[in-house]
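Below: one structure in structure tokens.
A, B, C and D label the chains in the order they appear, each numbered from 1.
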């Protein structure tokens, strides 16, 4: 299938590689033309240097896939729209907020341009493992693009079949690693929740490993003062837990086996003390939006919210609140802060 | 290797099956003798009907593996000790609290009996997948028992190798799915934290799916009264999310792929509405102990605690607290409770 | 001062009473005219039956205070604007979301109409105790209305002075119980956060009383099964705590004394079992918006969020998530739900 | 009433002052005798320099009140017991864990010595405001000591009466600010929960003020990169909130008025930036025990737990967990940590 790709960062370029390998003809456009040319040389894709040229190389109905930062999406769409014709298809494969998808789809529909939102998971591993794709948009348009999605997806063999799905008459592409989730915005909505879950899963492992890391605190001598809660039973905390081996261990046969655990095992194998990291944990939108959506729905999401807030705290954003606490303690008990 | 197994419930019986298949000679004892006999017939293991007979069939140093409810462990040990000799090995493979392991190991050491604690994960799937084993005890004793652990374990092939462990000179059984984690109690400590993490992971998925489940609330008409927070943008919640397909989708290429997700996909494939369940979620000790251990260590575990408390709430144990809230609202605002 | 009041529900009517008692001339308008007439008869205020009549009774610059449900505010403003003149002042004293204040202030400014947002706390007690008022808007306009705010406010005597404020040269009305917090929206922003805090405070008491309520569970006999975590030390939970007396006790000299505790003591005095309440706890917007604002700011608010989510759960909105948990437990462990 | 007081730190000394002023004869003992002498000179109490002398000055049944660090209590009791006679009364007014009370009461009962546990709240303010006392022990013994408790307590006038208690036939000392809560341990149990609630209340205010503090972030220019979630609506965050005035404001007529708010207003009046504090917030036992008790009871306490964990985090104890998160993000997305 012929398709245009705008945005050749790590994600976009890898998608082009996977698509070309899958036999598709990909037309490239990138802010810096050298990137397009290098990638075209590598993959057999077609490099272009201007948007009109880029559009000109596509056939009706044109498919243009945007793989650019969310902040640049609206501006790029504004530049593209005058070059597009009724029936053309715009795909946002970036990390847009699903509200924006709903707004864009409505605006583009007035010009008879179709809009498809694709949330993709897989990160830097997607080239090799394939991209898990969560898709929102009109049914026929999504079906029309099926060959693209199928090539990008991990494919059926990426996981053992779910036995309970065996007898299904209604086929679903879910087992191939891509899915039409609903109308405009549904793709990024599902991706948003996916990332919200990801925050919660990560926090669960992080807290658990932290408890294991501190399982030997009974061996240290402890200050006895009014500002330090004493350890009643130091004899219960005498362990030097081999975190790297425990992460590896749990990958086999345990209930907590997961891809995130695989990655943790990799990082802990490299350095069980994780000395290269400072513990300032960024968050990037979807986690926030997930909790906000839960609140709007009136649905409890305390674990996802707590995981999100722990990241904010790691960024130093609890500091003033903590000062309030110290100030109150000073006020009612004359407590001075303990210096570490 | 010859070993005795006491307790032939689902877990114990399956372990015997796996051990016999692996060439070990297992002597059986169970409260109801018929169970031992049936299992002996099936597996070639040796059934016994009295504890003295059971002990008599084992060779020095005897290995006795207990696979019984935690509440019955101390009493069974008390009955066994007079029958054992110095050098013999008692293994607790159940769900003991690790404090009990520390206490027992100390008491048994006075009689020169060795104590080994083994936390096992794998549930009803262990027979087929193997048991992930987290082991605490003396190094030589654990090494002596290596053939048993190896047979029970899932084995190296159960997961792809972690590339970062490739060059290791120090070998570890972690890659086979069992691990000596430290002295007495270390096995159940690691298992405890494993289950604590499990609670957090499960809650993350549960909250996420709940958000997806409610993504269509904008389509319902909403009561406008002072007791109901209005939905500002119903147009943002218009989705009928196919939960079964989304769970299946995420199994391939996504960051949240895990064994727990595989199981969720199975259950949702069977019935996306999960009508067979009421949502009263039990908790069984380890989740509680994990949070308590975090508190004693002074280590934050808000996600694991929140997940645990959500289970308590599902059991109805927030009810009086909720009445307090309603009573306060009544007192300051004259608010009456809304009837659903 | 002459001022018009639209909306004579419980809050609006009580404000009129307090204002009339304070010597102000209040012009009334209400959807049902009978309410205006009754209140006029009681208070000496001026009843009107049409909006033009209502507006006609006010002097330039007119002050119109809206005390109506947030959902009806925009529509009412639309009906008022054609009747108002440049320089007139519209006050929203209801529970508007502060985003709406910002929008309205901007739109009304084009017509040279001033907009003031006033968040009020005090509930059904305001008539007697006075209304704590958090005010947003232009400085001169807020100052112009000072006599109104002062009359509504609780006044300086409502709390002992804060000694640390003694030497202040810059005077503040904060000590009188009303405050100009900033430009449009600042009033409702502060009120929003106030309510967010309120949710957290209430939850802290509710959880604490629930722990006290259950301090005697060691005396009950407990089921021993795999689905129920056993109580290790029943002898630690043998108390029948007199909740009504404890709430009363804490009102004097303790660190947790507060108005919310006073109210709890009242409700528990009436019935320590709170049998009149079911524990379905409504939430009404501000708590949600507070957490959403925290998320947008990137500021952690785990306690406020957790308190909010506990209300959602009390409304039954965790149910599907809980079913997911039970389904997973069934899948990996064969666990069936325990029936209570 | 004659009573002995051991431990003349800030709390103990102030209690002696209040008791002497109330007409009681207090015999003093302290590790450093000079403290006793100075206090005796100031208050008219009786200084002693040895425990036998101290005990000798008391009349049967002797009452000995311990006001010493929890860690020193058992040792002091061991030294006292040989000097005491059947019928004597030992009072622990410190911050003991209630499990210790239960154990001590049982052990002392064998020697016919009575044990009373008194949790006290009031901190450095107790001398002036009186001490809120939560009492555990045998009914007759507690009644015998009533004059002591009454003198220490804040007294009925410390808070307005609760109208709903008006018609009560059963009198309670709760309205005087002290209460016999139940058998041994009940006093410290209630004090424990009191402090757990205190943590939750404090966190609610701290989070709220932090949100207000950051209400102007829309005015700062923000980095746009993949590691920073963008602020979608900077125009919604343009406020410079006067935190000191807002805290003062809420003291009058608002729902969140409380003693902790009074203290916050004091501290913020002194310096709204709280520059003297670093935000390292200690925790001192009761908060931990409250959450642990909730877990044992199977009662949800997510707000109290979250508040506790936020303190642990402020002490730097989330650090390794945060490194795990950064390591995972690096592994799946190639994300490097952002340097502030």
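Simple rule for what comes next: contacts are C-beta pairs under 8 Å (C-beta built on N, C-alpha and C of every residue); 3 or more make two chains touch, one makes a residue touch a chain.
Just so we're on the same page, UniProt names per chain: A, B, C, D = 6-phosphogluconate dehydrogenase, decarboxylating.
Computed from a predicted model, the values in this text were never measured in an experiment.
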item	value
Taking each chain's C-alpha mean as its centre, the one farthest from chain B	C
Of A-B and A-C, whichever chain pair has more C-beta contact pairs	A-B
Rounded Å distance, chain B centre to chain C centre (Cα mean)	44
Chain A and chain B, separation of their C-alpha mean positions in angstrom	29
Separation of chain A from chain C, taking each centre as the mean of its C-alpha atoms, in whole Å	37
Of all residues in chain C, the ones touching two or more other chains	123, 125, 203, 205, 207, 210, 214, 229, 232, 255, 259-260, 266-267, 283, 288, 296-302, 306, 310, 313, 315, 317-318, 321, 332
Residues of chain D that touch chain A when the two form their complex	10, 69-71, 97, 123-125, 202-203, 205-207, 209-210, 213-214, 224, 226-230, 232, 259-260, 263-264, 266-268, 274, 277-285, 288, 302, 306, 310-311, 313-335, 337-340
Touching residues on chain D, where the partner in the complex is chain C	98-99, 102, 121-123, 125-126, 129-132, 134, 153-156, 158-160, 162-165, 168, 172, 174-179, 181-183, 185-186, 189-190, 193-201, 203-205, 207-208, 210-212, 214-215, 217, 229, 231-233, 235-242, 244-246, 248-262, 265-267, 269-270, 290, 293-294, 296-304, 306-307, 310
Residue ranges of chain C in contact with chain A within the complex	255, 283, 288, 291-292, 295-302, 305-306, 308-310, 312-313, 315, 317-318, 321, 332
